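Should a chain be cited, it is by its letter among A, B, C and D, assigned in written order, with residues numbered from 1 in that chain.
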Amino acid sequence: MTETLMVIPILHYLTFCSVLFGIGVIGVLVKRNALVILMSIELMINSINLLLAAFSTYLNDPAGQIFVFFIMVVAAAEVAVGLAIIVLIFRTTHTIDIDVLNKLKW
Amino acid sequence: MSTIIALAVLGIITLFLGVMKKKSWLLPGILVGLAVALGLTLTGWNTDISFYHRMLVMDNYALAFNAVLIFSTFLIFLFAHHYYQPVERPLEDVYTVTLFALLGAVLMDSYGNLIMLFLGVETLSIALYILAGSHREAISSNEATLKYFLLGSFISGFLLFGIALIYGAAHSFDLQDIAHFVSALNGEWPPIFLAGLFLIIIGLAFKIAIVPFHFWAPDVYEGTPTLLTAFMASVVKTASIAALYRLFSTCLHGAQGIWESSLWILAALTILLGNLTGLYQPSAKRMLAYSSIAQSGYMILAVLAFSSRSANLLLFYTLSYSIATITAFGIVLLVREVRGNDLFTAFNGLGKNNPVEAFCMTVAMLSLTGIPPLAGFVAKFYLFSTAIGAGYLWLVLIAIVGSAVSVGYYFKPVIAMYLREGDGMKLKTPKSYKAFLLFATIVTILLGVLPFMVLKQ
Amino acid sequence: MFTTYLFYFLCILAIYAALMVLVSRKPIHSVLYLVLVFFAIAGHYILLNAQFLAVVHIIVYAGAIMVLFLFTVMLLNLNREETSPKAGWVKVSAIVAGGLLMLVMIGVFRGYEMAVTSNPALTQIGLVKNLGRILFDDYIIPFELSSVLFLTAMIGAVMLGKKEQIKKTYD
Amino acid sequence: MLLIVTGVGFIIHVYSVGYMKGDPGYNRFFSYMNLFVFSMLLLVLADNYLVLFIGWEGVGLCSYLLIGFWFRNQAFNNAAKKAFIMNRIGDLGFLLGIILIFTTFGSVDFSDVFSRATCLSVGDPTIVAITLLLFVGAIGKSAQIPLYTWLPDAMAGPTPVSAMIHAATMVTAGVYMVARSGVLYALAPPTMAVVAITGLITAVFAASIAIYQNDIKKILAYSTISQLGFMFLALGVGAFTSAMFHLTTHAFFKALLFLAAGSVIHAMGGGQDIRKMGGLKKKLPWTYYTFLIGTVAIAGVPPFSGFFSKDEILLQTFSADPVFWIVGFTGSLMTVLYMFRLMNLTFLGNFRGTSDQQHHLYESPREMLIPLMILAFLSAIGGVLNVPAIFGGSSFLEHALHPVFAGAQLLLHTGGLTLNTGVFLLVVTLIGILVMAYLAYQLYVLDGKGLKPDDANRRFLPHLLFQRYYVDELYRKSIINPLLALSGFLNRVVEFRVIDWLVNGVGRAMVWSGNTLRYIQTGHVGFYLFMMIIGIILLLVFNVLIR
C-alpha cells in the first residue's frame, strides 16, 4: 500500500474529487426532496475531505488532515441542524418538497 | 482573545440562567456581558497580538470591527425585551445562539488562518439557520430557515473547496504563508490558486449578499423574526465584508488585477439590481432587504478602492449602515406588532401619532440614503471620493445613480408617515424603547457631524 | 500494481454509488448508497496512509450522520417516492450546469503538479500520535472553538426539534 | 471669529426679544436663529473642509428660512429664493473646490491640505483652480460682484436677521473661508489678483449705489457689500490679518447700525424710507447717539474702530499697488458720504413723515437699547484689538492670529511701508473724511438739495446710481429674460415633447425594470441554486480559464 503515491499522480485524485463534487452539485440541483439535497451536500463535502487528505499526504503536511477533522465537526453539526429543520418543516407543512415552500418571493 | 472567551462564557451563563428560570436576569446579564466584552475588546487596542501560531490576529483592524459587531449586537439586545414580551418562556436558547453567532462573527474578523475563517463562517451560519427558524409556529420562518440552510450549506461547500485549493497551491492555511507564496509568484498565477481564491470570494459574497449570490436575502429577511433580521442585516454583513477585506489586505498585496474586474462587475450588478428591485417592494422589511443588498454593493467599492484609507472607510461605512439599519428594523417591528404587517400603508400617519418613532425612522432612512449631515452621507462621500481617486469613476457614477434611485424607496415610509392620513392608531412603545431608539438616532447624527471620532484623517 | 487497481476500483465504486444516490427514487436507498460512497472514501483514506482519518470518517459519517438520516426518514415516514420529479428541461439544464462545473474544475487542474517534499510513501503524519500532538498544540484554538459550534448546533436542534407549542406569536 | 459669532449673536438675540415681541412666529424665529448660530459655529469650528461645508450649507438654509420668515409676503419669498439660488451657485463652486482638494491632496483636513499644498510650486494650475472655485463659493456667500444682488433683497427679513446675516455671520463666512485657506491663496497669485480686483470693484460699485438709495436698510446692505469688498481687497493683497480685523470691527458697527435702523423702523411703525424721516434726534436720542457712533466708526473717523481696520487695509493696499489704493480710497470716501447722508436725513433736520407717524414716535424698549449701547461701546473701542505699531499699539489680533496665517505670510513677503508714507496716507484719508462729511451735511441738511421728492429729472449718473446701475435689470434682461424665453420655448417644445417623455420614460423604465427584475426572486430554492451555479461557473471561467 505504501507505494500508492509512487503510482498514482495527484491529478487523478483531483479529477476524481471534481467528479464527485460535480455529482453532488447535480444532486442539489436536480432533487426536490430536501433530505436528498442534504445528502448531496454531504457528497460535496466528502469529496473536499478526500481532496484535502490527498494534498496532506502528498505534501507530508498534517494540517490538511487536521482540517478534515474540523470539516467533519462542522458537517455533523450542519446535518444535526439541517435534519431538525427538515423535521420542523415536515411538522408544519407535511412535506419536504422544496418547491412547495415558495410563499416568500418577489 | 479575551473578547472571545468573554462571549463564550456569556453564552453559557445565559444558557444556565435560562435553565434556572431566571427570566428577569437574562437580558440585563447579556447587556452587561456585552458591555464587558466591548470593554475588553477596546483594552486590546494597539497591542497587536496574534494567538497560537497566528490562528487569531487581534490587530487594530480586527478589534475595531469586533467593537462594531459587539456594539450592533448590544443595540439589538436593547430591543429584545419588548420584542419577546409575548413569549413566556425565558428564550435563553435564542439569546445564547445569537451570542454564539456573534462569536462566529468575531472569529471571521480576526482570523489569521483559513481554518479559523471556516470555523467562524460555520459558527455564524449554523447559528443563523437556527435563528431564522426560531419562530417555529410561523410558516414564513420555517420557509426562511429551510431556504437559508440549503443555500448556505451549498455555498459553504464551495467555500471549503476554495480553501482546499488554496491549500493545494500554497501548501498552508496560514494567511502569512499564503502571502509569502503570493509574493513569490511574480505574477504567474497557478490556475488552482485563482480558482480557490474565487471560490472563497464566492463563499463570502454569499454571506454579504452580492448579486448573483443574493437570492437568499430578501426571502430570508422577510421570513426571519424581525429582530433577528436586524442582526442578519448588520452583524453578518459587517463580519463577512470585514473577512473579505482581511483576506485581500493580508494575502494579496499588489494582486489587484486579479479580482478587480470581477468585483467591479459584481458591485455594479449589486447596486443596480438591489436599488431597482427595491423600488417595487410594498413592505418595509423586504425593502430593507433590498437596501441591504444595494448597500453591500457600495461596501464592495471600499474593497475595490484598495488603499491605506479603505479599511477605515469600510469600518465607518459598516458602522453607520448597521446603526441606521438596526434603528429602521426596530421601528418596523413596532409597526408589525400593532398592525400585523409592515406594508408602507401601515406607516400612514405615524408622524402625527408617534413623532419620536417617526423621527427616528426618518433619520435612519435619510442616513441610508446619504443625506447630510448624517453618518450615511459622510460615509458615502468619503467612499465615493476615495473610489474616484482610485480610478473607479464609472463605478462611482453607477453608485450615484443607484443612490438617486434609492431615494425612491427610502422615502416611501417617510412620505407615508408624514404626508398620509393614518387611522390614529398608536404604537405600543415603552419609554425605555423610545430612549434606545433615540440613542441610536443620536449616534447616527453624531457620527455625521463628528465623523472623525471613528474616521481617521 | 495492486494499489493502482484498488484506486480505480474505489473510484468507480464511489462514483457509481454517488450516481445511485441521485437516481434512487426512495430516500432510504439514497441513504444506503451514500453509506457505500463513504466506505469507498474510507478506502481512499487508507490508500493515502491516513488510517486514523479513515477510522474517524467511518465513525462519524457512516456511524453517526447516516444513522441520523435513517432515523429521520423512519421517524417521519418519509420513505415515499418523489411524487412529482422536476420537469425534464430542469433536469437537463441542471446536469448541464453541474457537468460544466465539473469540466471547469478539471480544466483548472490541468497541468497541476505538486512538488513532493519528501518521500510520501514513508509518511507518518496520518498516525494518531502525530495528529494528536499537532491538534492539541498548533490547532488548539480551533479545536476549542469547535465546541462552541457543537453547542450551538445542539441547542438549535433541540430548539427546532421539540414539540412544545406556544400560543402567542410575535413577529 | 468664534467670539464674534457668539458675542454679537447673543446681543442680537437679546435685541430680538424686544423686536419680535408679539409676532406670531416668535418661537419659530428663535429656533431658526439658534439653528443659524449652530451652523455658523460648525462652520467656524470645522477643522476640515467637509464640516465647513456642512456648516456653510446650514447657514445658507437658515438664511433662506429667515429671509422668507414672513412667508405670507410673496416678495419676501422671492427674495429668499433669490438668496438661496445665488448661494447655491456659489456653493456649487465651493463643492467642486472641495472635491478637487480631496482628489489633489487626499484629505480635506486643513492641516493636511496646507502642509501638502506647500509642496506645490507657486502658481500651480491646480492650486489656482482650487482657489478660484473656493472663491466662487465665497463670492456667493459674501455677496460680491456678480453674485451680490441677493443681499439688498434679503432685507425683507426681520431686522435682527439682517443684523445677523450681514454683520456678524453669514456674509463674512466667505471672508473667513478665504482667510482660513490663506496658504492655498498665497500659492496662487493669479487668484489673489482676481480676489483683490473683485473686492475693489465691489467696494466702489456698491458704495456708489448706496449714495442714492432711499431705503434705510438697503443703504446698509449696500454698505455691507462695499465693506465686504474692502475685506476681499485686503485678502487679495495678502493682508489676511487686516481682513479679519476689519471683519471683526465691521461685525460690531454693522450690527449696531442695523439694530439701530431696526429701532428707527420700529419707531416709524415699519417705514423704511429715509426721505420720510428726519429730525428723529429729539425723539430717539439713544438710537441717535449709538447710530452716530456706528456712522463715525464705519466712516473711519479716529479713534473709532473702523478707522484702524479700514486704514490698515488701505495702507496694506498702498504697499501692494498704489492704483488700488486710489480706487479703494475713493470707495472709502463714498462710504463717508452715504453714511452721513443716511444719518443726516434720518436724524437731523425736520420730520417729513405723516403726522400720524409723528405721534407714535417713541424710544424703543430697554432690551433693544442695551444691546445697542453694548455694540456702540464695542464699535468705539474695537480698534484697540489691533492698533498698528505706527500708533504705538500692540497689534494684539495680529499676534493672536499669527499661527493661522503664518504659513501664508511666509509665502507672501509683504513689504513694509515707511512711517512717512503711512502718516501721509493717513492725513490724506482724514482730510477726505472731513471734506466728505461736511459735504454731506451741506447737501442734505442745510440745502436739502439732495432731497428730491421725485426721481424724475435726475441727471444721468445719479439716476444710474439710484437704479443700482440697472444690475438687476441687466440680469433680468441679459440672463433672466432670455432664460425665460428659452424656458418658454423649452417648456412648450422640449419639455412636453422630449424631456417629459424622457423623464417619464426613465422613470417608467426604472419602475418597469424594478418590477421585472423583482420576478427573478421566484421564491424557488431550486432556481436560486441554479442562478448561483451559473454565477460561479461564469466567475471561474472568466477569471481562471480565460486569463
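By our rule, a contact is a pair of C-beta atoms (placed from the backbone, for glycine too) under 8 Å apart; a residue touches a chain by one contact, two chains touch by 3 or more.
Since the model is a prediction, treat every value here as computed from it, not as a measurement.
When the interfaces C-D and A-C are ranked by how many C-beta pairs touch across them, A-C comes first.
Relative to the C-alpha centre of chain D, the farthest chain centre belongs to C.
Per-chain CA centroids place chain C at a distance of 75 Å from chain D. Centre-to-centre, using mean CA coordinates, chain A is 5 Å away from chain C. Chain geometry summary: the mean Cα position of chain B and that of chain D are 45 Å apart.
Mean C-alpha position of chain A lies 27 Å from that of chain B. Multi-chain contact residues, meaning those touching two or more other chains, occur in chain C at positions 86, 90, 94, 97-98, 101, 105, 107-109, 112, 114, 138-139, 142, 146, 149, 152-153, 156, 160. Among the residues of chain B, those touching two or more other chains are numbered 115, 119, 122, 126, 129-130, 133, 136, 145-147, 150, 154, 168, 191, 194-195, 218-219.
Listed for chain D are residues 518, 521, 523, 525-526, 529-530, 533-534, 536, 540, 544-545, each touching two or more other chains. Because contacts link each chain to all the remaining chains, their graph is best described as complete.
Residues 42, 48, 50-51, 54, 57-58, 99, 102-103, 106-107, 109, 112, 510-511, 513-515, 517-518, 520-521, 523, 525, 527-529, 531-532, 534-536, 539-540, 542-545, 547 of chain D touch chain B in their complex. Only residues 1, 3-4, 7, 11, 14-15, 18-19, 21-22, 27, 30-31, 34, 37-38, 41, 44-50, 52-53, 56-57, 60-61, 64-65, 68-69, 72-73, 75-76, 78, 82-86, 90-91, 94-95, 97-99, 101-102, 105-106, 109, 112-114, 116-118, 120-123, 125-126, 130-131, 134-135, 138-139, 142, 146, 149-150, 152-154, 156-157, 160-161, 163 of chain C touch chain A when the two sit together in their complex. Taken in their complex, chain B has these residues touching chain D: 146-147, 150-151, 154-155, 158, 189, 191, 194-195, 198-199, 201-202, 206, 212-213, 215-216, 218-219, 258-259, 262, 273, 276-281, 309, 372-373, 378, 381, 385, 388-389, 405, 408, 449, 451-452, 457.
By the touch criterion stated above, chain C contacts chain B in their complex at residues 105, 107-112, 114, 138-142, 145-146, 148-149, 151-153, 155-156, 158-160, 165-166, 168-171. Chain D contributes residues 518-519, 521-526, 529-530, 533 to its touches with chain A in the complex.
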